[in-house]
Amino acid sequence: MMAPGDPDFEARVRASFATQQLMTTIGAMLERVEAGKVDIRLPFRADLTQQHGFLHAGTIAAVADSACGYAALSLMPADADVLSIEFKVNMLAPAKGDAIVARAVVIRAGRTIMVCRADVVSITGRDEKLVAAMQGTMMVSYAQ
Amino acid sequence: MMAPGDPDFEARVRASFATQQLMTTIGAMLERVEAGKVDIRLPFRADLTQQHGFLHAGTIAAVADSACGYAALSLMPADADVLSIEFKVNMLAPAKGDAIVARAVVIRAGRTIMVCRADVVSITGRDEKLVAAMQGTMMVSYAQ
Amino acid sequence: MMAPGDPDFEARVRASFATQQLMTTIGAMLERVEAGKVDIRLPFRADLTQQHGFLHAGTIAAVADSACGYAALSLMPADADVLSIEFKVNMLAPAKGDAIVARAVVIRAGRTIMVCRADVVSITGRDEKLVAAMQGTMMVSYAQ
Amino acid sequence: MMAPGDPDFEARVRASFATQQLMTTIGAMLERVEAGKVDIRLPFRADLTQQHGFLHAGTIAAVADSACGYAALSLMPADADVLSIEFKVNMLAPAKGDAIVARAVVIRAGRTIMVCRADVVSITGRDEKLVAAMQGTMMVSYAQ
(Lines give C-alpha, C1' and ligand atoms only; values in the text may rest on other atoms or scores of the structure.)
Protein backbone atom coordinates (compact mmCIF):
# COMPACT_ATOMS: atom_id res chain seq x y z
CA MET A 1 0.00 0.00 0.00
CA MET A 2 1.17 3.52 -0.75
CA ALA A 3 1.64 5.95 2.13
CA PRO A 4 -1.19 8.43 2.63
CA GLY A 5 -0.12 12.07 2.86
CA ASP A 6 -2.47 12.71 5.76
CA PRO A 7 -3.84 10.26 8.39
CA ASP A 8 -7.36 11.61 7.88
CA PHE A 9 -7.31 10.94 4.17
CA GLU A 10 -10.48 8.88 4.14
CA ALA A 11 -12.59 11.52 5.84
CA ARG A 12 -11.13 14.16 3.55
CA VAL A 13 -11.90 12.13 0.42
CA ARG A 14 -15.46 11.38 1.57
CA ALA A 15 -16.09 15.04 2.42
CA SER A 16 -14.88 16.22 -0.97
CA PHE A 17 -16.85 13.57 -2.85
CA ALA A 18 -20.00 14.73 -1.08
CA THR A 19 -19.54 18.20 -2.61
CA GLN A 20 -19.29 16.93 -6.21
CA GLN A 21 -22.83 17.73 -7.24
CA LEU A 22 -22.54 15.72 -10.44
CA MET A 23 -21.97 12.55 -8.42
CA THR A 24 -25.18 13.21 -6.46
CA THR A 25 -27.08 14.05 -9.64
CA ILE A 26 -26.21 10.76 -11.30
CA GLY A 27 -26.54 8.69 -8.11
CA ALA A 28 -22.88 7.64 -7.76
CA MET A 29 -21.71 6.24 -4.43
CA LEU A 30 -18.24 6.30 -2.96
CA GLU A 31 -17.31 2.81 -1.78
CA ARG A 32 -13.76 1.72 -0.91
CA VAL A 33 -11.34 4.49 0.13
CA GLU A 34 -7.81 3.25 0.79
CA ALA A 35 -4.47 4.98 0.37
CA GLY A 36 -4.08 5.15 -3.40
CA LYS A 37 -7.22 3.12 -4.19
CA VAL A 38 -10.80 4.33 -4.55
CA ASP A 39 -13.94 2.61 -5.89
CA ILE A 40 -17.11 4.39 -7.00
CA ARG A 41 -20.36 2.59 -7.83
CA LEU A 42 -23.08 3.85 -10.14
CA PRO A 43 -26.38 1.97 -10.28
CA PHE A 44 -27.70 1.79 -13.84
CA ARG A 45 -30.19 4.50 -14.76
CA ALA A 46 -31.85 4.91 -18.16
CA ASP A 47 -31.52 8.69 -17.99
CA LEU A 48 -27.71 8.37 -18.20
CA THR A 49 -27.61 6.40 -21.46
CA GLN A 50 -26.65 6.90 -25.10
CA GLN A 51 -28.64 6.04 -28.22
CA HIS A 52 -28.55 2.26 -27.67
CA GLY A 53 -29.63 2.28 -24.05
CA PHE A 54 -26.14 1.65 -22.62
CA LEU A 55 -24.49 4.04 -20.18
CA HIS A 56 -23.02 6.99 -22.11
CA ALA A 57 -19.23 7.13 -22.42
CA GLY A 58 -19.40 10.48 -20.60
CA THR A 59 -21.22 8.87 -17.67
CA ILE A 60 -18.53 6.20 -17.46
CA ALA A 61 -15.77 8.79 -17.77
CA ALA A 62 -17.29 10.90 -14.99
CA VAL A 63 -17.29 8.03 -12.52
CA ALA A 64 -13.81 6.82 -13.52
CA ASP A 65 -12.38 10.35 -13.37
CA SER A 66 -13.76 10.93 -9.87
CA ALA A 67 -12.37 7.57 -8.76
CA CYS A 68 -8.93 8.50 -10.17
CA GLY A 69 -9.05 11.95 -8.63
CA TYR A 70 -9.90 10.65 -5.17
CA ALA A 71 -7.35 7.84 -5.35
CA ALA A 72 -4.82 10.60 -6.00
CA LEU A 73 -6.21 12.88 -3.27
CA SER A 74 -5.89 10.05 -0.74
CA LEU A 75 -2.10 10.34 -1.09
CA MET A 76 -1.85 14.12 -0.93
CA PRO A 77 -1.00 16.39 2.01
CA ALA A 78 -3.91 17.66 4.09
CA ASP A 79 -3.84 21.15 2.57
CA ALA A 80 -3.76 20.00 -1.05
CA ASP A 81 -6.60 19.53 -3.49
CA VAL A 82 -6.74 17.51 -6.70
CA LEU A 83 -7.23 18.69 -10.28
CA SER A 84 -7.76 16.46 -13.32
CA ILE A 85 -5.20 17.43 -15.93
CA GLU A 86 -6.21 14.85 -18.50
CA PHE A 87 -7.47 11.33 -18.98
CA LYS A 88 -7.86 8.77 -21.71
CA VAL A 89 -10.54 6.11 -21.63
CA ASN A 90 -11.18 3.08 -23.83
CA MET A 91 -14.71 1.70 -24.08
CA LEU A 92 -14.38 -2.10 -24.06
CA ALA A 93 -17.95 -3.40 -23.94
CA PRO A 94 -21.50 -2.00 -23.65
CA ALA A 95 -22.13 -0.71 -20.13
CA LYS A 96 -25.38 -2.30 -19.06
CA GLY A 97 -26.55 -4.45 -16.15
CA ASP A 98 -27.33 -3.47 -12.55
CA ALA A 99 -24.46 -1.07 -11.95
CA ILE A 100 -20.95 -0.13 -12.90
CA VAL A 101 -18.02 0.14 -10.49
CA ALA A 102 -14.91 2.17 -11.27
CA ARG A 103 -11.82 0.94 -9.40
CA ALA A 104 -8.97 3.43 -9.50
CA VAL A 105 -5.40 2.96 -8.38
CA VAL A 106 -2.47 5.39 -8.30
CA ILE A 107 0.45 4.01 -10.30
CA ARG A 108 2.81 6.93 -9.70
CA ALA A 109 2.58 9.38 -6.82
CA GLY A 110 4.78 12.40 -7.39
CA ARG A 111 5.02 15.65 -5.51
CA THR A 112 3.12 17.54 -8.23
CA ILE A 113 1.78 14.89 -10.61
CA MET A 114 -0.04 11.65 -9.88
CA VAL A 115 -0.89 9.08 -12.52
CA CYS A 116 -3.82 6.70 -12.10
CA ARG A 117 -5.49 3.81 -13.84
CA ALA A 118 -9.11 2.82 -13.43
CA ASP A 119 -10.92 -0.33 -14.50
CA VAL A 120 -14.66 0.03 -14.89
CA VAL A 121 -16.72 -3.15 -14.61
CA SER A 122 -20.41 -3.72 -15.14
CA ILE A 123 -22.20 -5.83 -12.57
CA THR A 124 -25.12 -8.04 -13.57
CA GLY A 125 -26.26 -10.25 -10.73
CA ARG A 126 -23.02 -11.94 -9.64
CA ASP A 127 -21.23 -11.42 -12.94
CA GLU A 128 -18.62 -8.79 -13.61
CA LYS A 129 -17.42 -7.62 -16.99
CA LEU A 130 -14.71 -5.09 -17.83
CA VAL A 131 -16.42 -2.31 -19.79
CA ALA A 132 -13.89 0.54 -19.77
CA ALA A 133 -10.27 1.33 -18.90
CA MET A 134 -8.91 4.77 -18.00
CA GLN A 135 -5.40 6.15 -17.62
CA GLY A 136 -5.19 9.71 -16.36
CA THR A 137 -3.04 12.42 -14.87
CA MET A 138 -3.95 14.30 -11.68
CA MET A 139 -2.29 17.37 -10.25
CA VAL A 140 -1.61 18.31 -6.66
CA SER A 141 -3.04 21.80 -6.25
CA TYR A 142 -2.78 24.32 -3.43
CA ALA A 143 -5.21 27.19 -2.95
CA GLN A 144 -3.45 30.51 -3.64
CA MET B 1 -15.98 20.20 -46.37
CA MET B 2 -15.85 16.42 -46.18
CA ALA B 3 -18.40 14.43 -48.17
CA PRO B 4 -21.35 13.13 -46.15
CA GLY B 5 -22.04 9.42 -46.55
CA ASP B 6 -25.78 10.03 -46.81
CA PRO B 7 -27.65 13.16 -48.06
CA ASP B 8 -29.96 13.02 -45.02
CA PHE B 9 -27.09 13.07 -42.57
CA GLU B 10 -28.36 16.07 -40.62
CA ALA B 11 -31.77 14.55 -39.92
CA ARG B 12 -30.13 11.28 -38.96
CA VAL B 13 -27.74 12.97 -36.55
CA ARG B 14 -30.51 15.02 -34.95
CA ALA B 15 -32.74 11.95 -34.56
CA SER B 16 -29.98 9.95 -32.89
CA PHE B 17 -29.01 12.81 -30.58
CA ALA B 18 -32.63 13.04 -29.42
CA THR B 19 -32.40 9.43 -28.19
CA GLN B 20 -29.29 10.00 -26.04
CA GLN B 21 -31.05 10.30 -22.71
CA LEU B 22 -27.94 11.61 -20.99
CA MET B 23 -27.94 14.66 -23.25
CA THR B 24 -31.56 15.39 -22.26
CA THR B 25 -30.80 14.79 -18.58
CA ILE B 26 -27.97 17.33 -18.52
CA GLY B 27 -29.74 19.84 -20.81
CA ALA B 28 -27.32 19.65 -23.78
CA MET B 29 -28.46 21.03 -27.12
CA LEU B 30 -27.35 20.02 -30.58
CA GLU B 31 -26.42 23.13 -32.55
CA ARG B 32 -24.45 23.07 -35.81
CA VAL B 33 -24.59 19.84 -37.83
CA GLU B 34 -22.44 19.91 -40.96
CA ALA B 35 -20.63 17.11 -42.76
CA GLY B 36 -17.78 16.27 -40.39
CA LYS B 37 -18.51 19.10 -37.92
CA VAL B 38 -20.90 19.14 -34.98
CA ASP B 39 -21.37 21.60 -32.11
CA ILE B 40 -23.16 20.84 -28.83
CA ARG B 41 -24.02 23.47 -26.23
CA LEU B 42 -24.51 22.87 -22.53
CA PRO B 43 -25.85 25.71 -20.37
CA PHE B 44 -24.12 25.80 -16.99
CA ARG B 45 -25.93 23.97 -14.21
CA ALA B 46 -24.74 23.68 -10.63
CA ASP B 47 -25.91 20.07 -10.45
CA LEU B 48 -23.27 19.07 -13.01
CA THR B 49 -20.26 20.39 -11.11
CA GLN B 50 -17.27 19.07 -9.17
CA GLN B 51 -16.02 20.08 -5.73
CA HIS B 52 -15.08 23.67 -6.71
CA GLY B 53 -18.32 24.53 -8.47
CA PHE B 54 -16.92 24.15 -12.01
CA LEU B 55 -18.40 21.73 -14.52
CA HIS B 56 -17.10 18.20 -13.79
CA ALA B 57 -14.57 16.76 -16.22
CA GLY B 58 -17.06 13.97 -16.89
CA THR B 59 -19.73 16.50 -17.87
CA ILE B 60 -17.30 18.11 -20.30
CA ALA B 61 -16.21 14.73 -21.65
CA ALA B 62 -19.83 13.68 -22.20
CA VAL B 63 -20.60 16.72 -24.33
CA ALA B 64 -17.33 16.52 -26.28
CA ASP B 65 -17.72 12.77 -26.87
CA SER B 66 -21.24 13.21 -28.25
CA ALA B 67 -20.02 16.03 -30.49
CA CYS B 68 -17.19 13.81 -31.79
CA GLY B 69 -19.51 10.86 -32.28
CA TYR B 70 -22.04 12.86 -34.27
CA ALA B 71 -19.36 14.58 -36.35
CA ALA B 72 -18.25 11.07 -37.29
CA LEU B 73 -21.81 9.81 -37.88
CA SER B 74 -22.44 12.71 -40.27
CA LEU B 75 -19.91 11.11 -42.66
CA MET B 76 -21.14 7.54 -42.39
CA PRO B 77 -23.43 5.57 -44.70
CA ALA B 78 -27.15 5.66 -43.94
CA ASP B 79 -27.22 2.18 -42.41
CA ALA B 80 -24.23 2.70 -40.10
CA ASP B 81 -24.13 3.72 -36.47
CA VAL B 82 -21.28 5.19 -34.43
CA LEU B 83 -19.46 3.74 -31.41
CA SER B 84 -16.91 5.55 -29.26
CA ILE B 85 -13.80 3.39 -29.12
CA GLU B 86 -11.77 5.77 -26.98
CA PHE B 87 -11.03 9.41 -26.29
CA LYS B 88 -8.49 11.53 -24.48
CA VAL B 89 -9.32 14.91 -23.03
CA ASN B 90 -7.17 17.63 -21.49
CA MET B 91 -8.73 20.05 -19.03
CA LEU B 92 -7.27 23.48 -19.82
CA ALA B 93 -9.16 25.92 -17.58
CA PRO B 94 -12.06 25.84 -15.09
CA ALA B 95 -15.37 25.36 -16.90
CA LYS B 96 -17.61 28.09 -15.59
CA GLY B 97 -19.69 30.90 -17.10
CA ASP B 98 -23.02 30.78 -18.92
CA ALA B 99 -22.45 27.67 -21.01
CA ILE B 100 -19.90 25.47 -22.69
CA VAL B 101 -19.85 24.60 -26.38
CA ALA B 102 -18.03 21.53 -27.74
CA ARG B 103 -17.00 21.92 -31.38
CA ALA B 104 -15.98 18.63 -32.96
CA VAL B 105 -14.38 18.03 -36.33
CA VAL B 106 -13.42 14.81 -38.09
CA ILE B 107 -9.72 14.81 -38.95
CA ARG B 108 -9.63 11.39 -40.60
CA ALA B 109 -12.63 9.61 -42.08
CA GLY B 110 -11.85 5.97 -42.83
CA ARG B 111 -14.11 3.15 -43.82
CA THR B 112 -14.03 1.63 -40.32
CA ILE B 113 -12.32 4.19 -38.09
CA MET B 114 -12.89 7.94 -37.79
CA VAL B 115 -10.69 10.22 -35.72
CA CYS B 116 -12.02 13.49 -34.31
CA ARG B 117 -10.87 16.47 -32.34
CA ALA B 118 -13.09 18.69 -30.22
CA ASP B 119 -12.42 22.06 -28.68
CA VAL B 120 -14.60 22.93 -25.71
CA VAL B 121 -15.04 26.62 -24.92
CA SER B 122 -16.78 28.31 -22.03
CA ILE B 123 -19.02 31.24 -22.88
CA THR B 124 -19.39 34.13 -20.43
CA GLY B 125 -21.39 36.98 -21.94
CA ARG B 126 -19.56 37.61 -25.22
CA ASP B 127 -16.28 36.07 -24.12
CA GLU B 128 -15.05 32.65 -25.11
CA LYS B 129 -12.30 30.68 -23.43
CA LEU B 130 -10.86 27.29 -24.38
CA VAL B 131 -11.49 24.98 -21.41
CA ALA B 132 -10.86 21.49 -22.79
CA ALA B 133 -9.47 19.66 -25.82
CA MET B 134 -10.41 16.13 -26.90
CA GLN B 135 -8.95 13.72 -29.42
CA GLY B 136 -10.90 10.52 -29.94
CA THR B 137 -11.51 7.49 -32.11
CA MET B 138 -14.95 6.52 -33.39
CA MET B 139 -15.94 3.31 -35.12
CA VAL B 140 -18.36 2.74 -37.96
CA SER B 141 -20.72 0.03 -36.72
CA TYR B 142 -23.39 -2.00 -38.52
CA ALA B 143 -26.21 -3.82 -36.74
CA GLN B 144 -25.73 -7.56 -37.05
CA MET C 1 -4.64 -16.98 -20.35
CA MET C 2 -6.48 -15.74 -23.43
CA ALA C 3 -6.96 -18.10 -26.35
CA PRO C 4 -4.54 -17.58 -29.25
CA GLY C 5 -6.17 -17.26 -32.67
CA ASP C 6 -3.58 -19.51 -34.25
CA PRO C 7 -1.50 -22.32 -32.68
CA ASP C 8 1.66 -20.98 -34.33
CA PHE C 9 1.22 -17.54 -32.83
CA GLU C 10 4.67 -17.39 -31.26
CA ALA C 11 6.51 -18.12 -34.50
CA ARG C 12 4.34 -15.62 -36.32
CA VAL C 13 5.00 -12.89 -33.74
CA ARG C 14 8.74 -13.54 -33.77
CA ALA C 15 8.89 -13.52 -37.58
CA SER C 16 7.02 -10.20 -37.79
CA PHE C 17 9.15 -8.60 -35.07
CA ALA C 18 12.28 -9.55 -37.02
CA THR C 19 11.01 -7.43 -39.95
CA GLN C 20 10.51 -4.26 -37.87
CA GLN C 21 13.69 -2.51 -38.90
CA LEU C 22 13.31 0.13 -36.18
CA MET C 23 13.56 -2.56 -33.50
CA THR C 24 16.84 -3.77 -35.04
CA THR C 25 18.12 -0.21 -35.37
CA ILE C 26 17.60 0.57 -31.70
CA GLY C 27 18.71 -2.87 -30.48
CA ALA C 28 15.38 -4.05 -29.04
CA MET C 29 14.91 -7.75 -28.29
CA LEU C 30 11.71 -9.74 -28.20
CA GLU C 31 11.55 -11.74 -24.98
CA ARG C 32 8.38 -13.42 -23.66
CA VAL C 33 5.69 -14.24 -26.23
CA GLU C 34 2.55 -15.75 -24.71
CA ALA C 35 -1.04 -15.56 -25.84
CA GLY C 36 -1.98 -11.95 -25.09
CA LYS C 37 1.33 -11.06 -23.37
CA VAL C 38 4.57 -9.86 -24.94
CA ASP C 39 7.75 -8.40 -23.40
CA ILE C 40 10.38 -6.42 -25.30
CA ARG C 41 13.74 -5.44 -23.82
CA LEU C 42 15.87 -2.49 -24.88
CA PRO C 43 19.40 -2.18 -23.49
CA PHE C 44 20.24 1.44 -22.68
CA ARG C 45 22.09 3.32 -25.43
CA ALA C 46 23.19 6.94 -25.27
CA ASP C 47 22.22 7.50 -28.91
CA LEU C 48 18.53 6.99 -28.03
CA THR C 49 18.32 9.71 -25.38
CA GLN C 50 16.82 13.15 -24.90
CA GLN C 51 18.48 16.33 -23.64
CA HIS C 52 19.12 15.02 -20.09
CA GLY C 53 20.66 11.72 -21.08
CA PHE C 54 17.55 9.61 -20.33
CA LEU C 55 15.86 7.47 -22.96
CA HIS C 56 13.67 9.68 -25.16
CA ALA C 57 9.90 9.36 -24.72
CA GLY C 58 9.76 8.32 -28.37
CA THR C 59 12.19 5.48 -27.74
CA ILE C 60 10.04 4.28 -24.85
CA ALA C 61 6.87 4.64 -26.90
CA ALA C 62 8.39 2.64 -29.78
CA VAL C 63 9.19 -0.33 -27.56
CA ALA C 64 5.86 -0.20 -25.71
CA ASP C 65 3.89 0.14 -28.96
CA SER C 66 5.61 -2.89 -30.50
CA ALA C 67 4.97 -4.88 -27.32
CA CYS C 68 1.27 -3.92 -27.43
CA GLY C 69 1.03 -4.68 -31.13
CA TYR C 70 2.54 -8.14 -30.77
CA ALA C 71 0.49 -8.95 -27.67
CA ALA C 72 -2.54 -8.20 -29.85
CA LEU C 73 -1.20 -10.12 -32.86
CA SER C 74 -0.69 -13.20 -30.67
CA LEU C 75 -4.48 -13.45 -30.34
CA MET C 76 -5.34 -12.87 -34.00
CA PRO C 77 -6.16 -15.40 -36.74
CA ALA C 78 -3.25 -16.65 -38.84
CA ASP C 79 -4.10 -14.49 -41.85
CA ALA C 80 -4.47 -11.23 -39.90
CA ASP C 81 -1.96 -8.50 -39.27
CA VAL C 82 -1.92 -5.78 -36.62
CA LEU C 83 -2.12 -2.00 -37.01
CA SER C 84 -1.64 0.55 -34.24
CA ILE C 85 -4.65 2.83 -34.24
CA GLU C 86 -3.57 4.96 -31.30
CA PHE C 87 -1.82 4.91 -27.96
CA LYS C 88 -1.37 7.09 -24.92
CA VAL C 89 1.69 6.93 -22.75
CA ASN C 90 2.54 8.54 -19.40
CA MET C 91 6.18 9.11 -18.49
CA LEU C 92 6.50 8.27 -14.80
CA ALA C 93 10.23 8.49 -14.05
CA PRO C 94 13.49 9.08 -15.95
CA ALA C 95 14.37 6.05 -18.09
CA LYS C 96 17.98 5.25 -17.24
CA GLY C 97 19.87 2.20 -16.00
CA ASP C 98 20.94 -0.93 -17.84
CA ALA C 99 17.83 -1.51 -19.90
CA ILE C 100 14.09 -1.01 -20.14
CA VAL C 101 11.52 -3.76 -20.53
CA ALA C 102 8.03 -3.13 -21.89
CA ARG C 103 5.47 -5.70 -20.71
CA ALA C 104 2.25 -5.58 -22.70
CA VAL C 105 -1.01 -7.37 -22.03
CA VAL C 106 -4.26 -7.44 -23.98
CA ILE C 107 -7.15 -6.27 -21.81
CA ARG C 108 -9.86 -6.66 -24.45
CA ALA C 109 -9.65 -8.90 -27.49
CA GLY C 110 -12.41 -8.12 -29.96
CA ARG C 111 -12.92 -9.31 -33.50
CA THR C 112 -11.77 -5.98 -34.96
CA ILE C 113 -10.32 -4.01 -32.05
CA MET C 114 -7.89 -5.06 -29.35
CA VAL C 115 -6.99 -2.88 -26.37
CA CYS C 116 -3.67 -3.28 -24.57
CA ARG C 117 -1.79 -1.90 -21.63
CA ALA C 118 1.96 -1.90 -21.24
CA ASP C 119 4.11 -1.21 -18.20
CA VAL C 120 7.65 -0.11 -18.97
CA VAL C 121 10.24 -0.68 -16.25
CA SER C 122 13.87 0.34 -16.08
CA ILE C 123 16.32 -2.28 -14.89
CA THR C 124 19.40 -1.26 -12.92
CA GLY C 125 21.28 -4.26 -11.60
CA ARG C 126 18.55 -6.21 -9.79
CA ASP C 127 16.28 -3.22 -9.27
CA GLU C 128 13.19 -2.48 -11.31
CA LYS C 129 11.35 0.82 -11.49
CA LEU C 130 8.16 1.68 -13.36
CA VAL C 131 9.09 4.44 -15.84
CA ALA C 132 6.14 4.56 -18.24
CA ALA C 133 2.60 3.28 -18.72
CA MET C 134 0.81 2.89 -22.06
CA GLN C 135 -2.78 2.21 -23.01
CA GLY C 136 -3.43 1.68 -26.69
CA THR C 137 -5.78 0.41 -29.36
CA MET C 138 -4.77 -2.10 -32.01
CA MET C 139 -6.73 -3.15 -35.08
CA VAL C 140 -7.05 -6.54 -36.71
CA SER C 141 -6.18 -5.98 -40.35
CA TYR C 142 -6.49 -8.23 -43.40
CA ALA C 143 -4.53 -7.69 -46.61
CA GLN C 144 -6.92 -6.68 -49.40
CA MET D 1 1.24 34.57 -31.45
CA MET D 2 1.81 33.61 -27.84
CA ALA D 3 4.35 35.54 -25.81
CA PRO D 4 7.73 33.83 -25.41
CA GLY D 5 8.99 33.57 -21.83
CA ASP D 6 12.50 34.58 -22.89
CA PRO D 7 13.64 36.73 -25.86
CA ASP D 8 16.33 34.17 -26.73
CA PHE D 9 13.85 31.33 -26.94
CA GLU D 10 14.85 30.27 -30.45
CA ALA D 11 18.54 29.86 -29.60
CA ARG D 12 17.60 27.99 -26.43
CA VAL D 13 15.30 25.61 -28.29
CA ARG D 14 17.88 24.97 -31.01
CA ALA D 15 20.63 24.34 -28.46
CA SER D 16 18.51 21.86 -26.51
CA PHE D 17 17.39 20.04 -29.67
CA ALA D 18 21.04 19.59 -30.65
CA THR D 19 21.59 17.62 -27.42
CA GLN D 20 18.75 15.14 -28.05
CA GLN D 21 20.88 12.29 -29.32
CA LEU D 22 17.85 10.36 -30.55
CA MET D 23 17.04 13.17 -32.99
CA THR D 24 20.57 12.97 -34.41
CA THR D 25 20.42 9.18 -34.55
CA ILE D 26 17.23 9.16 -36.63
CA GLY D 27 18.22 12.17 -38.76
CA ALA D 28 15.52 14.58 -37.57
CA MET D 29 15.95 18.30 -38.31
CA LEU D 30 14.55 21.23 -36.39
CA GLU D 31 12.86 23.61 -38.82
CA ARG D 32 10.50 26.41 -37.75
CA VAL D 33 10.90 27.72 -34.20
CA GLU D 34 8.37 30.40 -33.27
CA ALA D 35 6.85 31.26 -29.92
CA GLY D 36 4.52 28.33 -29.27
CA LYS D 37 5.09 26.66 -32.65
CA VAL D 38 7.81 24.22 -33.67
CA ASP D 39 8.24 22.02 -36.76
CA ILE D 40 10.56 19.02 -37.01
CA ARG D 41 11.30 17.19 -40.28
CA LEU D 42 12.39 13.58 -40.60
CA PRO D 43 13.52 12.30 -44.00
CA PHE D 44 12.26 8.77 -44.65
CA ARG D 45 14.72 6.02 -43.76
CA ALA D 46 14.09 2.30 -44.12
CA ASP D 47 15.86 1.58 -40.83
CA LEU D 48 13.09 3.41 -38.93
CA THR D 49 10.18 1.34 -40.22
CA GLN D 50 7.74 -1.32 -38.98
CA GLN D 51 6.83 -4.64 -40.58
CA HIS D 52 5.18 -3.12 -43.68
CA GLY D 53 7.95 -0.69 -44.54
CA PHE D 54 6.19 2.40 -43.19
CA LEU D 55 7.69 4.59 -40.48
CA HIS D 56 7.12 2.94 -37.08
CA ALA D 57 4.56 4.57 -34.79
CA GLY D 58 7.38 5.06 -32.28
CA THR D 59 9.42 6.98 -34.86
CA ILE D 60 6.44 9.23 -35.53
CA ALA D 61 5.78 9.66 -31.82
CA ALA D 62 9.42 10.59 -31.17
CA VAL D 63 9.36 13.41 -33.71
CA ALA D 64 5.94 14.67 -32.64
CA ASP D 65 6.88 14.56 -28.95
CA SER D 66 10.06 16.56 -29.52
CA ALA D 67 8.08 19.10 -31.56
CA CYS D 68 5.52 19.42 -28.75
CA GLY D 69 8.22 19.68 -26.12
CA TYR D 70 10.08 22.45 -27.93
CA ALA D 71 6.89 24.34 -28.77
CA ALA D 72 6.27 24.34 -25.01
CA LEU D 73 9.87 25.25 -24.14
CA SER D 74 9.68 28.26 -26.47
CA LEU D 75 7.15 29.80 -24.07
CA MET D 76 9.00 29.03 -20.84
CA PRO D 77 11.25 31.26 -18.72
CA ALA D 78 14.99 31.15 -19.50
CA ASP D 79 15.83 28.98 -16.49
CA ALA D 80 13.15 26.35 -17.11
CA ASP D 81 13.37 23.05 -18.92
CA VAL D 82 10.61 20.91 -20.39
CA LEU D 83 9.49 17.40 -19.43
CA SER D 84 6.97 15.27 -21.32
CA ILE D 85 4.31 14.14 -18.87
CA GLU D 86 2.22 12.22 -21.37
CA PHE D 87 0.99 12.18 -24.93
CA LYS D 88 -1.61 10.43 -27.04
CA VAL D 89 -1.16 9.88 -30.75
CA ASN D 90 -3.51 8.57 -33.43
CA MET D 91 -2.06 6.96 -36.54
CA LEU D 92 -4.18 8.17 -39.47
CA ALA D 93 -2.45 6.83 -42.58
CA PRO D 94 0.73 4.91 -43.47
CA ALA D 95 3.81 7.12 -43.04
CA LYS D 96 5.75 6.77 -46.28
CA GLY D 97 7.07 9.17 -48.93
CA ASP D 98 10.10 11.46 -48.85
CA ALA D 99 9.79 12.74 -45.28
CA ILE D 100 7.44 13.47 -42.44
CA VAL D 101 7.03 16.85 -40.76
CA ALA D 102 5.59 17.23 -37.25
CA ARG D 103 4.01 20.65 -36.64
CA ALA D 104 3.35 21.34 -32.98
CA VAL D 105 1.45 24.18 -31.41
CA VAL D 106 0.81 25.06 -27.77
CA ILE D 107 -2.93 25.28 -27.09
CA ARG D 108 -2.64 26.15 -23.40
CA ALA D 109 0.38 27.73 -21.77
CA GLY D 110 0.13 27.56 -17.99
CA ARG D 111 2.68 28.32 -15.34
CA THR D 112 3.33 24.62 -14.65
CA ILE D 113 1.53 22.72 -17.40
CA MET D 114 1.49 23.28 -21.15
CA VAL D 115 -0.76 21.39 -23.53
CA CYS D 116 0.19 20.91 -27.18
CA ARG D 117 -1.18 19.42 -30.35
CA ALA D 118 0.91 18.22 -33.26
CA ASP D 119 -0.11 17.29 -36.78
CA VAL D 120 2.29 14.97 -38.59
CA VAL D 121 2.18 15.03 -42.38
CA SER D 122 4.00 12.87 -44.91
CA ILE D 123 5.57 14.67 -47.85
CA THR D 124 5.78 12.98 -51.25
CA GLY D 125 7.05 15.33 -53.91
CA ARG D 126 4.71 18.32 -53.55
CA ASP D 127 1.91 16.38 -51.87
CA GLU D 128 1.16 16.42 -48.16
CA LYS D 129 -0.96 13.96 -46.27
CA LEU D 130 -1.93 13.94 -42.59
CA VAL D 131 -0.53 10.71 -41.12
CA ALA D 132 -0.73 11.23 -37.36
CA ALA D 133 -2.19 13.55 -34.71
CA MET D 134 -0.83 14.03 -31.19
CA GLN D 135 -2.19 15.73 -28.09
CA GLY D 136 0.19 15.91 -25.17
CA THR D 137 0.99 17.48 -21.82
CA MET D 138 4.35 19.09 -21.06
CA MET D 139 5.62 20.30 -17.72
CA VAL D 140 7.70 23.32 -16.83
CA SER D 141 10.63 21.97 -14.83
CA TYR D 142 13.33 23.73 -12.82
CA ALA D 143 16.64 22.13 -11.90
CA GLN D 144 16.78 21.56 -8.14
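So that you can tell them apart, the chains are marked A, B, C and D in the order they are listed, and the count of residues begins at 1 in each.
What we mean here is this: a residue touches a chain if its C-beta (ideal position, glycine included) is under 8 Å from a C-beta of that chain, and two chains touch if they have at least 3 such contacts.
Since this is a predicted model, take the numbers as computed values, not measurements.
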Mutual neighbours - chains that touch subunit A and subunit B alike: C, D
Taking each chain's C-alpha mean as its centre, the one farthest from subunit B: C
Computed distance of Cα centres, subunit D from subunit B, in Å: 28
Centre distance in Å when subunit C and subunit D are each reduced to the mean of their C-alpha atoms: 22
Whole-Å separation of chain centres (CA-atom averages), subunit B against subunit C: 32
Touching two or more other chains - residue numbers and ranges from subunit A: 85-86, 88, 90, 115, 137
Residue ranges of subunit A touching subunit C (in the complex, touch as defined): 88, 90, 92-93, 107-108, 115, 117, 130, 133, 135, 137
Complex interface listing, subunit D residues touching subunit A: 85-86, 88, 112-113, 115, 137, 139
Residue numbers on subunit A that touch subunit B, as the complex places them: 16-17, 19-22, 24-25, 46-52, 56-59, 61-63, 65-66, 81, 83-91
